[in-house]
Each structure stands twice: as C-alpha cells, then as structure tokens.
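Structure in structure tokens, see below.
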C-alpha cells in the first residue's frame, strides 16, 4: 500500500481502492449475501414483506424435494423428486461435456503446441478464435439448424448413404451435449495449449529416445506437465456448462430439463424470486464444491486457474 | 546550477536491518563524488535517500543547505540515472530527453530545441526521432545522461550506469562522463562497486562497507593511504602480515612478526587497536641480497604474466604467500621458479591498519 | 509410421476446423436461401430479402442498439475497474493479495444465473427499502451492465495484470525523479504501456457483453438485447432474418480479426527492424 502511494500519490491510490471496493463489495459480495438472505424468506406480496408472515425458514430449499416421479435404473423402479433429478442430470451431462471437450481438445492442443508448423500457427489460432467471438446464442442457433429433422446434417448423411432415413438428433440431452461441447471446447483447448507450449520439447524427445511408446510419453511426460491447463479447462467447461441457460433452452428436447431452466421458471414464470434464489444458491454451492474438489484432485491453486 | 550536498548523521533501517549507519559527508558543488563498495554496503540506499525514494530513519539530507525531509523525488533538484537506465520505451529519443520539461509545461518547440542541444552535448546528433529500441548500449547511455541533464539538476545521481556495457566501451564512457561533468559543472554523485571506475573518474571517493562510510578521500589517498584494512583490500591487492605493534616514533612503528620486526607507517588514532601490516604487491621488491630492513627470505613459486605487469608469487619458508609485481617495461629480470630471493619493502610504503570500521 | 501419425494429426486438425467453422458457414448460407425456414436444405435459390427483412425488423434494430449501448458501457466500466484492480493487485503482496485475487477470479466462475438474480434482488430491494422510484433501483439494462461488469472486470484485470508483470517499475521512478506528478506518471508512462492490454480487455469486454444472456435475462426488465431477442425468435417463429444478422456479425468479426492480425504483423516487423538497427549500432561501437 505504501508502495502504491509512493508511486501514484494519495488521490489516485484512493480512487483505485474505491473502484476495487465498488466492484467487490457492491457487485459481488453484497448481491450474493442478499441472495443468500432472501433464499430463506417466503415469497409474499409486497404488503406482507416485513410482516408476521415474513420469517426465515428452509421451505424454499425443501421445494427441491417436491413432486416425485418414477424412474427405473436397470429395471429397478424408484421414486425421485423431479428437481433433484434435474439437478443430478445437469451435473452428469456437464461432466459428459467436460470429458468430451477434453477428448477433443487435448490431441489438438498437443498438435498445435508441439507438431504444427510455427509459421502457420497464427492463422490457425485466428481461425479458431472466430467462433469464440461469435455470440453463444448464434452458435446454438447454428446447431439448431444443422440438427433439425429436415436439416443439412440428415440431408448430407442421406446423400452419402450413411443412413436410410432421417435421424431425430434432438432427443433427450443429445442436442444439449453437442451444443455445449461446441460452445465450450475452445475454453478447454486454449489453457491446455498454453500449458503444453511451455513444455520443453527436449523432454518429449528424451522420453522418445529412451524407447517410451507414444502413449506412455503422454501419460508420464505431457499430461502431468499440462495438469494446471487441464484443471483450468475442466473447471471452466464444467462451470459454463452447468450454468448455461441458452444452449439447453435452444437445443433441449421435450424430455430434457437443465437446472438453470428450473431456476429461470421460478423466476420468470412463477415470479417467486425467493425460491429462485434458493435454487441459484444450490447451484452456486455445487459449483464451489466442484471447483474445490477439482482443485484438490489436480492439486492446483485457484490463482493458477485463470490464465 | 550545482549545489552542495550534506549528509548529517544519516541512518536508514529496513525493519531490523540497518542499511546505512550514521553517514556524514559534505559534497562540494561541482564535485564528482563516488560511493564505492561491495553490493549490500548501503551505497544504493544513500543514493535513493538523496533522490527521495527512501526517507532516512535518522539524520538530515541537505541540498544547497536546504533540508530535504518531506520533499518527494519530483520536488528535489536531483536527477537520477538508473542502473538499467529506465528509458521510456514508447517514446522517441527526443521525447525521452525532454520528458522532464514536458511535465513542467514547456511548449513543444522549446522542448525539441533543448533535446537537440543536449543530443549534441552527448555526441548523439541526429538520433532525436529514433526509438529507444533502435539504439546500442552506449547510445542509450548517452540518452539517459541527456534526459537527466535536461531538467538542469543541481545534482546528478548515477547508479552504476556503466555496468551493462562491455569493458572497452565502459572505459570509453568513463572519460565521456567525466568530460560531460566538467563541461556542465553539475555535482555528480556516482555509485559503483568497480574501484577502477571510481579511481579513474572521481574527485573524491567515499568507500563503504556494511552501511558505514569507511573513508572519504581523493583517489590517490584512498589507494596510497587507506585508513583501514577494508579500504586497502577493496581498492587493490595487498600482502598482509599478522603481528604486534611496538613503539611508535614519528608516525612509524615496529611490528613484531614471524619474520622479525618489520617497520611501517602508523596513524596516531590506530594505536592500541588490533593491527595488521599491509603492503601493495607493486611496492614489494625482490632481490638476491638481503635488504636493510623489512626483508623476508622467499622462494619463487609461480610467475603470472598479466600484460602491463608481471606477478611473481613467492612463498616464505613457513609457507606464507607474498606477491610482488614487476612492471613489464623491460627493466626487470623475471626470476625463474624455485629461485631463492629476498622480498622487501620500503617502510614508508607499508602501513599498520586496523580492520574495517564496523558496529559492535 | 511417423509419417502416418503426422498425416493423421493433420487430418484431425482439419476435421476440427470443419467442426468449428461449418456451423457458422451453414448459418451464414441460410441467410441467402430463399426459404421461409432458416436452413440451407432444400436450396431454393439466392435471395437478399432476409437482409431487407432484418433492416425492417424494428424490434431487432432496437435490440441491436440496446446491445451496443450495453456493450460500450460494460467495456468502459470493466476497463476502468479491471485496470485499477490489476494495478492494485500488482503492487500489494501477502495474504491481502491472495484474498482479493481469489475473490476477483471467482467472479468468472459464478454462474450467470446467480449473478443475474443476485444483482436484480439487491438493487430492487434497495429501491424498496428507500422507497424510491429512481431508475437505478428498477429492473433495466443498467442492472444488466452492473451484473455483467461484476465478472467481465475480472477478465480485463487478468489481461492487464499479465502485461503489468513485464512492466519495469523503474520507469515510474525515473519519471517521478524527472519531476512528473503522479497523474503525469499514470498518463504518460504506465497507461501507454498498458494500452495494448487495455485495448484487448476492452474488446473482450465488448464481445462478452454482446454474447451475454444469463445475466441480462434476469435483469433486463422489459428491454431487449440482441441475444435475448434472437433467443425469443428461436423459441417462437424464427425467420432467416436472424441468419442475415448472424452473417453480418460474423463478417464484422472476421474483418476486425484480420485488421488486428495485419496490424500485429506490421508492428512485429517494425520492432524487428529496430532491433536489427540496434545490433548494427552495437557492432559499430565495438569497432571503435
């Protein structure tokens, strides 16, 4: 702090502190505390707010367990509350998306960092950046066109004779997984690429020279080295997927429901902001837990994530 | 234009570490003054206190008789040349030079003119519109000097600015710096750990060790009459003898050693403290015959050719290394290895000195 | 064997690029198809009528305008807040730094729905508590701006911080020593050095804002932004006018990316030339 004042003077330092305080306090901490506080209150008409009916309870959270439906697991039927199931499926398919993104991005990241001609790299990166700059709603919309029952993908597959009749692509969570993977794969690619490009190529050559097979080189040399990048990519993709509202809404089918959509319905359709807050808080909690676990598993710090 | 600088009982603490301890020095207007010492001796801290980046913990710094306490760096009549020069990479040369004028609200035409003048002064005509990244190391050096001169400081502070240059260029720039200082008459305070640099350029030198100023004197006295063992060792080579001092007469004293009683100069205030005898290798003579006084029998063990001089490494009978230097002017005969000789020195050239002046 | 693997890698690279680019191409293509539904099959001939439809779609144009206003506001605020934060973070250390830095980073990971709802609740509650009708406390795009800034500022902060780490603080001391005031140091020395990162941060903030749906959806009140409008069209009665818009947006992105790349290469060349000159000057010096 003294260093700051010495370099920028009292006025500018105070101004900078004020800006940071405004951001972290007014835009981050206080809103989240408010959300937390609100989530324990019942949803009431304005006149009753602060009245005798306005007391703290866990009722909003308990709504997660309302309305069970029957499902079966390997033929064994069981009852599960709808929202709990939505929540579970959201996490499950977010993990699927994360794994898919990693599987797609890792080989490419390695190729770009270690094999591709360095001269063509800027062009390559530029090409990859363009989809990133195009808005998410348009990218989801593009897949909505492609995956349509009478859309170009079916037309192409029919034309080359890969299928005999059109396939319905948007069933269950398929469309959502495809859309999310497309939307977020680059968030996996770039951190891994950055991590691998700082790896000394000599290490790979040394391992190769010692007779290690290619898969072992990756397992023992490249993957451990790229760990912070992989952790960062996985956390980003998982969080973005679990928190996405656009893609599940556009590419979802009649049988798919994302947890964010449930929150949205409480907020916009039921106009029950307090229950929406409770659900949003559950999502936030899940995200915190997931990030903490991922950081522990990968043994990296939060400050290493965003690079 | 140039001002007197006084450091009065200046100390500076970093936490429990005392970087500068009770420094007292008066630097005259127009003087070229060097602080010389190993890294960590506190010389850079002194410079940063004078320029205002650090406040002294105790004592006062006066420039032109005015106490500088509370004056920020941008309010002091000093200009600092940084070790890495700190040229502004995004400005062309002339804007770099005239930056100090720009922030004082001088108009553009005047600034440009001043920059051109200063470029001529530092022998870099025609470089005004170049970017810093287009310049060589020596050229950058000149731009940094011009930039500091532009604000017409009373005092120029230089923090080892030549250390990044290679040897030949460094020697060339020494002469250049000295010439610029004489031309402008500005007080220069120069920080260095290179004794050659300090001896060659300075009017006076303050030798520092462990936060304390050991000696302030002109280069000749620093080398020829060091006040203690640290100064003697830092500015040159020595043959050092352990022993016990005896009676003092007319500034000379006997010194009982394993090689008999040697005689050397002694300072009045050094009497009584633990002393050692210091004599420079170039004042150490080798002869076949035993000398009248201060003579030690030795055997030549190695001859090292250094170019301008020749180092003769000898060992006394009890294995002590004694080095003598011969000028490579053709007059001296170089002894063969294994030759038995006598090493001797003139008592007036040797001194009995205490160790460094340290706290505790 | 090695050769085969190389070719497989290249093939994979190509397929990946197709995977990334093809959806955008299909979407753009549909903008020119004379078909009431947005698709490239069946192809019913070239037309420009969807571009006309787009321009005549007043709601879309209003949404477009709103989007730009929001994006500019977000970019300006996020750049100011993000740059200040980066400078602050860069000059402190220890536990305070770790705490502040972690808080800033975590904003990127908070789901947009959470940000949207919490921003909405806080400001409307504050309005209710104060009993004021002042616009700041009502739902609207200004709340979308605040919500978006809360995490986009962190992205700007990261970009600026990365650049700051290669900044020589000695330059600031040199400027101070030459008599510059603190404001002059900031304006002439530090900010010019940070401009590339600030520019990149501004661009990221602008595009992130355009793309934002989650925060906007909960805070916008009755107002439309492009994302919200396109979304509502996809859900209910879509026309290829959206494709026309998408095509234009992609083209603008492409042109901007090209300009950026050309500029980057030009700067790299200029810098290389300067360094070559410095090397020549050094060689000349050594010859003296």
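In order of appearance the chains are A, B and C, and numbering begins at 1 in each one.
Everything below uses one rule, namely that a residue touches a chain if its C-beta (ideal position, glycine included) is under 8 Å from a C-beta of that chain, and two chains touch if they have at least 3 such contacts.
None of these values were measured; they are calculated from a predicted model.
Novice: Could you pull out the chain whose C-alpha mean position is farthest off from that of chain B?
Specialist: Max centre-to-centre separation from chain B belongs to A.
Novice: Averaging the CA atoms per chain, pick out the one whose centre lands closest to the mean of every protein CA shown.
Specialist: Per-chain C-alpha centroids ranked by distance to the global centroid put C first.
Novice: Would you mind pulling out the distance in Å between where the CA atoms of chain B average out and where those of chain C do?
Specialist: 55
Novice: Distance from the CA centroid of chain A to that of chain C, rounded to the nearest Å?
Specialist: Comparing mean C-alpha positions, chain C is 18 Å from chain A.
Novice: For chain A versus chain B, what separation do you get between their C-alpha means, in angstrom?
Specialist: That pair's centroid distance is 63 Å.
Novice: Specify, in ascending order, the residues of chain A that touch 2 or more different other chains.
Specialist: none
Novice: Residues of chain B that touch two or more other chains: which are they?
Specialist: 53
Novice: Among the residues of chain C, which are close enough to touch at least two other chains?
Specialist: Each of 173, 176, 181 in chain C touches at least two other chains.
Novice: Spell out the part of chain A that touches chain C in their complex, as residue ranges.
Specialist: 1, 3-4, 7-9, 11-12, 15-17, 19-20, 22-24, 27-32, 34-35, 38, 46, 49, 104, 107-108, 111-112, 115-116, 122, 124, 126-131, 133-146, 148, 150-152, 155, 182, 185-186, 214, 235-236, 239, 242-246, 249-250, 260, 263-264, 267, 273, 276-277, 280-281, 283-284, 287, 291, 302-303, 305-307
Novice: For chain B, which residues count as touching chain C in their complex?
Specialist: Answer in residue numbers: 51-53, 72-75, 78-80, 82, 84, 86-90, 99-100, 102-104, 130-131, 133-139, 147-148, 150-151, 166, 168-169, 172.
Novice: Flag every residue of chain C that touches chain B in the complex, lowest number first.
Specialist: Contact set of chain C toward chain B: 168, 170-171, 173-181, 184, 188-189, 192-193, 271, 274-275, 277-278, 281-282, 284-286, 288.
Novice: Can you check the complex and tell me which residues of chain C touch chain A?
Specialist: 5-6, 9, 12-13, 16-17, 19-24, 26-27, 30, 38-41, 80-81, 84-85, 87-88, 91-92, 98, 100-115, 117-122, 125, 128, 146-147, 149-150, 153-154, 158, 169, 172-173, 176, 181-183, 185-186, 207, 210-211, 213-214, 217-218, 226-227, 230-231, 234-235, 242, 246, 249-250, 253-254, 257, 261, 264
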